[in-house]
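Heads up, there are several structures right after this.
Both of the next two complexes hold subunit A, though its partner changes from subunit B to subunit C.
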Partner chain A sequence: MKEYRFIGKSTPRKDALDIVTGRTKFINDLTVPNMLYGKVLRSPLPHALIKNIDTGEAMRLPGVKAVLTYKDVPDWMGGLPLHVRILDSKVRYVGDAVALVAAETEDIGEEALRLIKVEYESLPAVYDVEEAIQPGAPQLYEQFPGNVLPQGIPAFGPHSLRELVIGDLEKGREEADFIVEGSYAYENIPNPLPPESPGAIAAWEGTDTLNVWSASQGPHMIKVSLQRRMGSINLHSMGTPVGASYGSKFMSWQYVLPAAALAKATDRPVKFCYGRSEHLAAFTVRLGSRIHGEVGIKKNGEVTFLSGDWLVNTGAFSETSQAMVAVGCGEVQLMLRCPNWSLKPKVVCTNRTASGQIRGFGGQELECALLPLLTMAMEKADIDPVNFFKRNYVKPGDGYYWRDGNWWVCRGIDYTKAMEQGAVRFGWKDKWKGWLKPSSVKGVKRRGIGVGVHGNADVGEDVSEAYVRLDPNGTATIYSGLAEHGTGQRSNICKMVAEILQLPLDRVSVTPNDSRVNPYEMGPVGSRGTYAIGSAVIAAAEDAKRQLFEQIAPKFAVKPEDLETEDGMVYVKGKPGTGIPWIKGMDYDRTVMGRGRFEPDFALPNFMMIFTEVEVDTETGKVELLRVVGATDVGQIIDPPGIVNQLNGCLGSAGIDSALFEETVIDTQLGRIMNPNMIDYKWRTFAELPEMEHVILETPIPSHRFHAIGVGEIATSPGPSAILMAVTNALGVRIHDYPLTPDKVLSALGKINTAKRRVK
Partner chain B sequence: MTPTHEIPSHPTITFTVNGEACSFIMGDGSHELPPSYTLAQTLRERLGLTGTKISCDHGACGCCTVLMDGKAVLSCMLLTVECEGKEITTIEGLGNPVTGAIDPLQQAFIDNTAFQCGFCTPGIIMSAKALLNENPSPTVEDVKEALAGNFCRCISHYHVLDAVIATVKKGGE
Partner chain C sequence: MKPFAHTSAGSVEEAVQLLAKYEGKAKLNAGGTDLLGVLKDRVLPDYPEAIINIKTIPGLNTIEECEEGISIGALTTLVDIITSPLIEKYCPLLKEAAVTVAFPQIRNIATIGGNLCQDTRCWYYRYPDKIGGMIDCFRKGGKRCPAVSGENQYHALMGAKQCFAVCPSDTAIALTALGATFTAVGAESIRTLPVNEFYTPLGNVLTPGEMITAIYIPKPSPVAGQKFLKFTLRKPIDFAIVSVASIITLDQGICTGARIVLGAVAHTPVRVLKAEEFLKGKELSEEIVAEAAEFALAKAKPLSKNAYKLEIAKTLVKRAVRGDSS
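Showing the complex of A and B:
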């Protein structure tokens, strides 16, 4: 393997000092002179028409500068397709926005909310995805009869993937040795719950220029996607460090548009940050996912067909659900080689807080619902799940339909070795006793193991552009709209450029995240930071280096390709003694600007396998997660502690723990979320950490000059279904109702009798 | 009715933050400190010390942890008026005020990349600092227990444990 100076070496994050000293400014740490605070009055009813709103008393409260209702907000829309107004005359979930207030202080804003009088006409509400598509069900939108949203997403092109129909189901049926069918769901709608709630500051310059500071995972996309919806204004988007996102802070119109509307109404800057309960009760959660499916399998583990209806509960509106369905339909083919498919998704609106983008992006939701069905098939065929995944995970040369509706052929690497080494590290062979068999039993404690797998070809999705500017003092500046949301990717692109230019790391920096400065950047989503963003940055650095050598070559009377550079010195290859500093070659009054661009490439799927071991207490029903082993192959590690951190992230952000205890609980009588606070919404503490290990292989992958691809996004995805498998094996009875709380475990054991909980 | 003794019309509150004395006149006037202000609000909004984060704002997540007389407290659950005469230390006040050097614990967080998004990091460092004040040589289990009230959603826990233990080992050398 090639030895690098920075790539693959543990280096401190460039933003580390600011983070550990509290100097990092997150969105709620910023103030703008003359700034007001935005607040949102939220609906107490799940479905209602607003008959009357009286804002007079709120307006008269000293310090209140604006109160907006559906009658006076601009007609800016959100959703996919655009169908959600900032405020509407109809509310569709408990927590839906009813009125906006701008006030001198947050307290005055809160007080004003209490003074707004609203008269509602309550409408019947629907929460269950199948009840919502029945004739006569309450209708959320006139334009979407039956509560079914149109499929397709323009951003993915004219043929964006709407369903998976491949091959011949009948042939698959005939070839199957076993056929299993059933209905399974992953619809506990966990919240990714970053510690920083979403927020933005909006300030107008004149009438057609809007400055937005926001905690966004894709700040440049705020400019690209929102300015068109606001009457062709010019939007300047400034991204702040993101107090984590896990996908949820990408499509950020829910907080940017209200802040912009209030700023327009008051002609002053307005900050609007969600409060924590607001974040838990009225911001986006995972998709609800339910499958009625059928799968055929041969004795050797070959899957002959898979058919099913995939019902996707998107809540009160779709933010990106059709896009997630498209990517989910792609990802399931990476996990499962199968010649005959008929998977028909339906995206359905219901009267609860909306679902949105979260790491795992459709694939996690689909596979978590599908895995119980597949494990039943594996059980029938008596196949070890590790062998099943080894056989069926996408290999170089295999094809699949991706989100754009095109057929892509994998030109990546074979992940079999990663699976095998993961299994060895975990001790799978010794612990696997067969389906529905515990790996050990000690009194009331039963242990079981499970495994899950996931992959994504979005590591090469969408376009990135970057510039690299060289200054004569021997520094390089990367112009990139890359947000820092916790992965360390802004540091990692500095490592890439430092490696190419052989500059010390402290001589390389990234511009502030400002759309006026930086070129197009989709943002670090779908693990695209390493390959897509990295490729653009690498191309820009190489372009800059080429121009630098062209500038300097005449001084040495050699060809540009005969030059080399190290630590800000240029010299003829093999003659370090000839070196001159950049400034001598460039002069003090010149800069060099290199440009780079990445075009989408969906041919390099990544891979993540998660092995889990649980111990179930059959007296109390408590499931304890004892051990997790992750296995992946990333081509080349860029930053060792960074990747381990990201893989450790498999537990939180609506990942593994969404199979154990995380859920958003809705009272289906009142439509209210019952646990919108951090005591009732359960999360894992320092005192309850399982043992965690990862096998991270580095088989060079044909991506860019460092042969690396990203994997962080999908760390959460294989975990929940692995937990289900582990608990099922520990108990010896099938259990698949996420999350596996003690009541469900005891109920599965027949120790308590619980009425079936109402599905959400 | 005449009061039997005089109550000052503008009660003041005085405490120190990171070694410097702070005084506020309590009241609802625009230049006064409302009695309802939590310590977290005062630190962030009046003193500009935004290193102390507010996340859950009800004492569940530990993001707002600061030291009061050397012990960890949740500044979102503490009214400013309760801080009379107390010594408050925030993340900005760690390290050596004379040399400007950061605290060894902060350095260990850098060396171990013991954070991802970094939002919960100040609170975690302050909780760990309080533990080390009380017990300079904790075990891993002690550290886990001491940090059990600190939410971290990126799951940087494992690297945080490494960082705290590295500090302990260095201190013992």
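Showing the complex of A and C:
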């Protein structure tokens, strides 16, 4: 294999020093001259009509510049299809926006909220996905009878995947040696909880140009998606460094549109940043996923059919849930080769804070609910889960329906080797004692192991564009709308360009994230950073290099392809003495601009397997995570510490820990989220980490310049179900109600009466 | 945060005079680790007019040995308690409790007086005003406890009539087991009471004009084994789901003295006299210890979602009496 200068080498992340020394300016550090602060009055009721709203006293408070209600906000909409107003005469969850205030200071804004008088007519509320679809259930939207949202998403094309119907169920039934059925759920609606809460600053120029600064994971998509919802304005989107997102801060209208409405009303810039409690109680959580399903399996572990109703609880509205259903239906086919499917999803609204876009994007939610069913089938067939996944994970040549509704044939990596090496590193063979058997018992402590698998063919989703500009002084500038959301990807694209142009890393930089400067960029979502975004940037760098050689070739009287460049010098290949600096070839008054574009390609699934070992205290019900081994194959490592950090990120952000203690607790009598703070929302701290190691293989992918595919968002996805399996095996009894807090463990052991199932 | 007056007191006299002047509309601030959260989230219907800084009072942050016991100034930080050789020597139980509080940054500024006086963590009581308004309850002068029929997984197992919130203080559990007293000073009063009489069903015994100045711990028997066990979901940060403090004296394998206190099961530390009596004069076999644990929780009446706390409490009693490390 070719030895690279930067790719696969540990290099300092370009933004690291600024981040660790506090110089990085996050959205809430920014101010714009003459800026006001936006605040939101939030509903005390889960479902109500606003009968009267009096803003007079709030308006009279000195320092208050605007108070907006549903009567006077612009008619800009969110949701898919568009169904959510910035403010409405109806509120649909505790924390729903009732009024907006713009004030000279945050304190004045908060005081003003307390002076707004609202009379509500309370309506019955519904939280449970199945209660919501019953006749007579409270209706959230007139246009969605039965609280069921229409399926499909125009952005995925006319045939976007709405359900999974393949083959012949009856045939699958006949061929099965065992059939299991049951209802399982993953609906503890964890919050991915990026350290930086969402926020934006909006400022108008005239009446038809809006400048937005935001901590979005996809700032260019704010321009693309919001400007047409605002009456054909021109939106300039400036992305700030993102204090993590985990998908959630891709969703933007909830903070951009209120800021823009207040800015319009006051004719001044307005900053609106969520506080921590608002972030936990009134932004977005994972979608709730429940499945009533049936699976057939042969004695050899071959799955003959899978059928089921997949009930998706999206909370008060949906911005991306139908998209997550489409991707989830795709991803489940990667995890599970099966000829006969009938999976019927339903996206349902309920009276709690909305579900949003979160890493794992539908697949994690579907598979976490499905895995108890699959493990029951594996137990019947008495097959080791590692062998089951080896047999059933998608292989090159296998086909699947993807989100666009088209049939794609896998031309990616065979991940069997990664699974085998992961199992060896974990010591699976020694610890695996069979289904419902602990790997060891010591007094009241029982240990168990579990494994999960997940893949995503979104590494090649959507379009990316990039430019690379070469300046005569031997520097390269990447024009990309790629947000830095914590993974180091902006630094990594510099490594890719430095490798192609053979420039020192400090001579390559990325433009500020500004839609006026940079071309189209979907953003680092769907694990597409390395493959899709990387490929667009690489193509731009190759194009720039080609143009550079075309310009300089006549000076050497050779063909462009006879040239090479290193450290800002151009040489005739194989003649080191011929070198001239770029400036001599280009002159000081010329730049070269290369262009690159990536076109969608869903034929390359990536892969993640997670092995876990837990210890359960059978007297207290406490589950302790002892060890995690991740296994993946990334084609080619771009940045070694970067990928290790990505894999270490499998615990939090609504990942593994959503099977241990992360959950959003709702009091269904009040409709309130009871744990909107960092003490009661159980989030792992750095003081309590398990042993972690990873197997990262590098099987080259031919269609990427550096043969890389990456791993991206899926580092969390197989974790929760692996924990469920591990605890089930440790206890010797089935337990499947995420998260596995002591009450549920003691209940499964029969030590306390089974608590009523928590309804979300 | 809403504006308030801020005054630094130079002495206990000055602090209590200020409290009297504001007639119940002032709050004392020592470490501030609890008070600032309460103010920021606006969890209470009344907002203080003034904050009186007592960190400026000299001499209240010492740990001193006298003939009969240990005296701890109310402004002593938890980290000073954890690192004190006197505490280590006479009451390691208190150190074990203090080290489980929050995380190092908090322990560096939080005081022992503040740890006793902190408000309950009941999530209904603490619900932030900005997400639809604070939640009314008995403890705020209201007429209901929403936890009784709601999300009561962290609430009281025993002794509750109106409010089912639990005492959040870890040091109070240890101090009760140690038989400690506290001194409260007002503008015209000074009184000393046992720590286990500090908490009342809806708060504590301090009048709005009083402050805690000192805690006194009688020296325990040097041969007694002390233990503090705290069950949480996460090791750092969390408040107790259940805790147990115990002081067990053994003479040739026979229990001659036992003090067992349960934490986070009621509004106050709960000393379980029946279990203590039961153990006295007995050899601590598995069966005897298990029976003592049953006695300790005999009065527990779980709510809809906290029966698991009962099992955990029994387990912790057994483990504490046996002297297990976790």
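Descriptive notes on the structure:
Methods note: the second predicted complex is superposed on the first by the 759 of 760 C-alpha atoms of A that agree within 3 Å, B and C clash if a C-alpha of one lies under 4 Å from a C-alpha of the other, contacts with A are read in each partner's own complex, and residues count from 1 in each chain.
Assume a contact is a pair of C-beta atoms (placed from the backbone, for glycine too) under 8 Å apart; a residue touches a chain by one contact, two chains touch by 3 or more.
Since we're looking at a predicted model, the values are computed, not measured.
With both structures placed on the common chain, the touch criterion links A:Ser43 to subunit C but leaves subunit B unconnected.
Legend: residue contacts after superposition of the two complexes on their common chain; A:Ala281 is shown touching subunit C, with no touch to subunit B.
Once the two complexes are overlaid on the shared chain, A:Pro641 sits against subunit B while remaining clear of subunit C.
Of the two partner chains placed by superposition, A:Gly577 touches none, neither subunit B nor subunit C.
In the superposed model, A:Ser653 makes contact with subunit B only, not with subunit C. When the shared chain is aligned, subunit B comes close enough to touch A:Pro12, but subunit C does not. Once chain A of one complex is fitted onto chain A of the other, the partner contacts of A:Arg23 are limited to subunit B, with no touch recorded for subunit C. Within the superposed three-chain model, A:Asn677 lies in touch with subunit B and with subunit C [touch as defined at top]. Contact with subunit B, but none with subunit C, is seen for A:His485 once the two complexes are overlaid on the shared chain. Shared contact residues on subunit A (touching subunit B in one structure, subunit C in the other): 107, 275, 677-679, 684-685, 687.
Interface residues of subunit A facing subunit C in the complex, by the touch rule stated above, are 42-45, 94-95, 107, 110-111, 113, 275, 277-278, 281-282, 619-622, 661, 665-667, 669-670, 672-680, 682, 684-685, 687-688, 741-743, 746-747, 751-753, 755-756. Residues of subunit B that touch subunit A in their complex: 34, 36, 44, 49-58, 60-61, 63, 90-92, 94-95, 102, 106-107, 109-113, 115-122, 125, 143-145, 147-161.
Looking at the complex, you find that subunit C touches subunit A at residues 1-3, 41, 103, 121, 123-124, 126-128, 130-133, 135, 146, 149-151, 153, 231, 233-239, 241, 304-308, 310-312, 315-316. Considering their complex, residues 10, 12-13, 15-17, 19-26, 28-29, 107, 192-197, 241-246, 275-276, 485-488, 639, 641-642, 644-646, 648-653, 677-679, 683-687, 689, 692 of subunit A touch subunit B.
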